[in-house]
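Chains: A, B, C and D, in written order; residue numbering restarts at 1 for each.
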Amino acid sequence: MPDLEAIVTEIADAMRARPDRGAVASYIPELARVDAGQFGLVVIDRAGQVAAGGDADIPFSIQSISKVFTLTLALGMVGDRLWRKVGREPSGSPFNSIVQLEREQGIPRNPFINAGAIAVTDVILSGHQPREALGEILRFMQFLAQDSGIAIDETVAASEKRTGFRNAALANYMRSFGVLENPVDYTLGVYFHHCAIAMTCRQLATAGLYLAYSGQHPLAGHSVISAERARRINAIMLTCGHYDGSGEFAYRVGLPGKSGVGGGILAVAPGRASICVWSPGLDAAGNSHLGRIALEMLVKRTGWSIFGV
Amino acid sequence: MPDLEAIVTEIADAMRARPDRGAVASYIPELARVDAGQFGLVVIDRAGQVAAGGDADIPFSIQSISKVFTLTLALGMVGDRLWRKVGREPSGSPFNSIVQLEREQGIPRNPFINAGAIAVTDVILSGHQPREALGEILRFMQFLAQDSGIAIDETVAASEKRTGFRNAALANYMRSFGVLENPVDYTLGVYFHHCAIAMTCRQLATAGLYLAYSGQHPLAGHSVISAERARRINAIMLTCGHYDGSGEFAYRVGLPGKSGVGGGILAVAPGRASICVWSPGLDAAGNSHLGRIALEMLVKRTGWSIFGV
Amino acid sequence: MPDLEAIVTEIADAMRARPDRGAVASYIPELARVDAGQFGLVVIDRAGQVAAGGDADIPFSIQSISKVFTLTLALGMVGDRLWRKVGREPSGSPFNSIVQLEREQGIPRNPFINAGAIAVTDVILSGHQPREALGEILRFMQFLAQDSGIAIDETVAASEKRTGFRNAALANYMRSFGVLENPVDYTLGVYFHHCAIAMTCRQLATAGLYLAYSGQHPLAGHSVISAERARRINAIMLTCGHYDGSGEFAYRVGLPGKSGVGGGILAVAPGRASICVWSPGLDAAGNSHLGRIALEMLVKRTGWSIFGV
Amino acid sequence: MPDLEAIVTEIADAMRARPDRGAVASYIPELARVDAGQFGLVVIDRAGQVAAGGDADIPFSIQSISKVFTLTLALGMVGDRLWRKVGREPSGSPFNSIVQLEREQGIPRNPFINAGAIAVTDVILSGHQPREALGEILRFMQFLAQDSGIAIDETVAASEKRTGFRNAALANYMRSFGVLENPVDYTLGVYFHHCAIAMTCRQLATAGLYLAYSGQHPLAGHSVISAERARRINAIMLTCGHYDGSGEFAYRVGLPGKSGVGGGILAVAPGRASICVWSPGLDAAGNSHLGRIALEMLVKRTGWSIFGV
């Protein structure tokens, strides 16, 4: 086991010193106000040992990272029937593209592009009121993060709703093909809210432990999902977790991961650790610029790449 | 270490018994004549220990599996400058799509779709006669497979050339953007010929050892590429190695791999083994139907998935 | 001048006898109930002379034919500034495609595909309540048709609204680019309602007179638009009036025209007549099957093609 | 009848004075050398009366204008069977797009985009040697223009061949779908050569007379095609004659026309005149910038728009 404390501290220091930070997401006004100078990194292992660096305890908007957890929830609810409504292939397109939907009859390519995550949210909502569905998602996050204080940032949720016309287009489009089944406003409401959950690096790394340890959550003390399902979610994160930068992330970092436009990335080193990095500035593909670089350093130091030592 | 002999035999028997075999590739007349009933599987580890089942020593047309080796060669020749001419992202399209090229100024998405592999071949060709370039590729294959008897099936090469109008379209299209630099006929000639190399499962599994062992080829006795480059090629195989079925392969099998329309798949379990499976019948995405199922069984039995035990 | 009475009667009889009728639009439930056996044809000249055949006085849902009149209205309100929000080129795509919008930054290709007509409606709405905007459109239609009894079929409007998810997708998508400026629900509400106006062939042919006569409406007794604007609207009808069947309509009929999925077609023979034909069965491109054939016969008999005698 | 001499002179003078000239086509080196300051305009009526202004007798490369004549020839050879290989709808894409071909199984949208014209050339070639087919095309042009001195500019043809990779891509692509039937090099050779025919405005306006006069060529003294076929070719020119600027040309000029990247436009005022304008500078859609403006002026002065007076 490498000296994680030292490595994490070294990386946090190196990142703080860099002038290049990418651009903070501007399309959601609330997110545009975040200070681009922040950086946090947390690594947690099976024993709950934590190596933390930088702004590890500042909450940020998890945005698309929530899609990993809604996917987990929806699979728990309907199993493989979920795949009737969403595919498992990389999209080869930006995160909010609607072109692919037209070509493929309203079935989104994977659960990690916006359209796919909205379809997954619709499955979770099925037969419930938005408030109930949202409560279920939030309680799941609190349980996984072992922290009942986790909450939705209502200002961000409202901001997304006011400006979420493109997501509304995707949702209505899928509804026209019968892929969505609930009232579009309900589904979008739940979607905007679970993207607006605020969490810290520490909380997210904790929440991701079950993916690093074959579906078992060592701190929560019981099985969240089967080992096979954990592997499969990791596979989808590897191929689809960074939008149209997924190939690049696999090539440079070599870990399953999921990014959010809030600047967070949840990454999984199977059998070794759950990792969360955060830096609000994004690269051209919409993924955290320093976050990716930090993970690349971490993997180099630890030899944790899933593609070989 | 699992009992590989037993596992490989069990899988070969199970595959032989299955009635579903997919459809043999029909667009190259020579390939269409292959007997769909064949199946071979070979697993080789660092020590050169071989577990072989089925038709392990019948040569077949390696087709797109050659792209892994031409990528390795081209990176050795020009290093990261290669990435000016080809990307590293999954394409989200069939293997011979030209749409993506129009959208992205003639730069193919990755080296494993046809357009990308043609661009890589053009780099290898640079400044040489087709015969020389082809000789270099063939000698590289013979060296990696430790078998100087490996040869090109000229009948297949001629068959591809006669019917390769779509590849000619891709090549001319890239040439119009300046991505190809050699005479189109030269580049296509070399491409058609290296796709027409005939190898057995045993030979291919041997040739892939350097990807399983950090760039070292344990049998050839020296370093082929750096450990980092081996990891990176594995990453590209994982995200792009099965055309528009790459996500599915990652989800079900969980190993880096590269398929060819001849029905072969080369797969890599980093640090554990190099694997080659062959069965000529293809699924809808153009990948070996039984090959994928056999690898799924192998990974289940061995716990070799890179996404967790 | 040909004997229009005789020609129109002959065509109506010929159409009644044909077994091929196309398929009634099914995506709006209310429209699906219409009897496919109906056929009407009305030709009106400058003097108000009417030649009518078949079901000339049965009201039908004008649907996309309304787009000609909302375009006329919007041009009257904002002039050429309208073209900042919508193009004037044929789309090369089905009427409800969203792909083109993604490629061209939310600007619809022309005012006669759904997206374009929604953008035009948004311009008409600007600064008004939906009820007011709709009133203005309806009064314009009543004035042009010289019939104050023309009304909206509220059942059809409600049916469209309930099932109009694809149009909602288009509208939200354009809103995300800032092409729409009013609340999406307002714009869609007005759009669904003006598509649901019910008119007879006689009323529509009367309403179209200003396009046949250089912007002058001979029956209403004054100028509706300039001669140049009339020519230009006719040009857009010729190139874009029949969705992805516009080339075919120009090739076979040779008159500017606009079709609706209710089965109506308004056609203009400049300087000669305004024409409306109606038959609810549609061809594959969504245009009235017998309507097109009837117009082809009419043009053959009269020599009215704009492309030469 | 307006005083054409005066109008044509006025327009030629006005065009000469304008500073805006567009950009000369650069992708064919030979064309890039042409002086952008040139302008010619010729109008010919049924009686052979000619109004000529500017550089009416300087030969230029007719380029895509040749597609009108090869379409006429091919229809004469195989009739409506031609439409199995090429459509009649506007493409909604640039002149050399390959995307549409992928979506529509290798069938080009219309005979006036490059792919369509190559398919038409392949039909003319059928069963002949390239030299024979080219001879036939050239003799047809000489006959229509009543001038046996018309010739191919071999320097331009060779220049196109050397740089015609995109057209080679289109041709190979269609060949892969079986839409082309001759050796790709043969078809492209004939295509490049007929695009390289050099003609003057006077010659082209003479050659177009049969389209203005119902298929009769008043000077050649006999029928070239039927009146119906002339109307239909005019219709295709109107909807597809200016690539992705066809809607704009119809909107502003209101005449069937076909442009070439050499800067020429052949336009037809049915029953009134055949017109050719030439100015080498192009607009963004690849059509002659001053040519379009000159035709707009001409139509305003003469009232010849087919969309109304």
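Definition applied: contacts are C-beta pairs under 8 Å (C-beta built on N, C-alpha and C of every residue); 3 or more make two chains touch, one makes a residue touch a chain.
Quick caveat: nothing in here was measured; it's all calculated off a predicted structure.
Enquirer: If you apply the touch rule, which chains end up adjacent to both chain B and chain D?
Expert: The shared contacts of chain B and chain D amount to nothing, since no chain touches both.
Enquirer: Please state, in steps, how far chain C lies from chain B along the shortest route of touching chains.
Expert: Minimum number of steps from chain B to chain C: 2.
Enquirer: So which chain is farthest from chain A, going by the mean of the CA atoms in each chain?
Expert: D
Enquirer: Could you report, rounded to a multiple of 5°, the rotation needed to superpose chain A's C-alpha atoms on chain C?
Expert: Going from chain A to chain C via C-alpha fit gives 180 degrees.
Enquirer: Need the CA-centroid distance for the pair chain A / chain C, whole Å please.
Expert: 47
Enquirer: I'd like the Å distance between the centres of chain A and chain B, where a centre is the mean of that chain's Cα atoms.
Expert: That gives a centre separation of 32 Å.
Enquirer: Express in whole angstrom the distance between the two chain centres, defined as the mean CA positions of chain A and chain D.
Expert: Centre separation, chain A to chain D: 55 Å.
Enquirer: Which residue numbers or ranges of chain D touch two or more of the other chains?
Expert: Residues: none.
Enquirer: Return all touching chain pairs.
Expert: A-B, A-C, B-D, C-D
Enquirer: Which stretch or stretches of chain D touch chain C in the complex?
Expert: These residues of chain D touch chain C: 87-93, 100, 109-110, 211-214, 227, 230-232, 234-236, 238-240, 244-248, 250-251, 254, 256, 270-271, 305-309.
Enquirer: Can you list the chain A residues touching chain C in their complex?
Expert: Against chain C, chain A makes touches at 97-99, 101-103, 165-166, 168-173, 175-176, 184.
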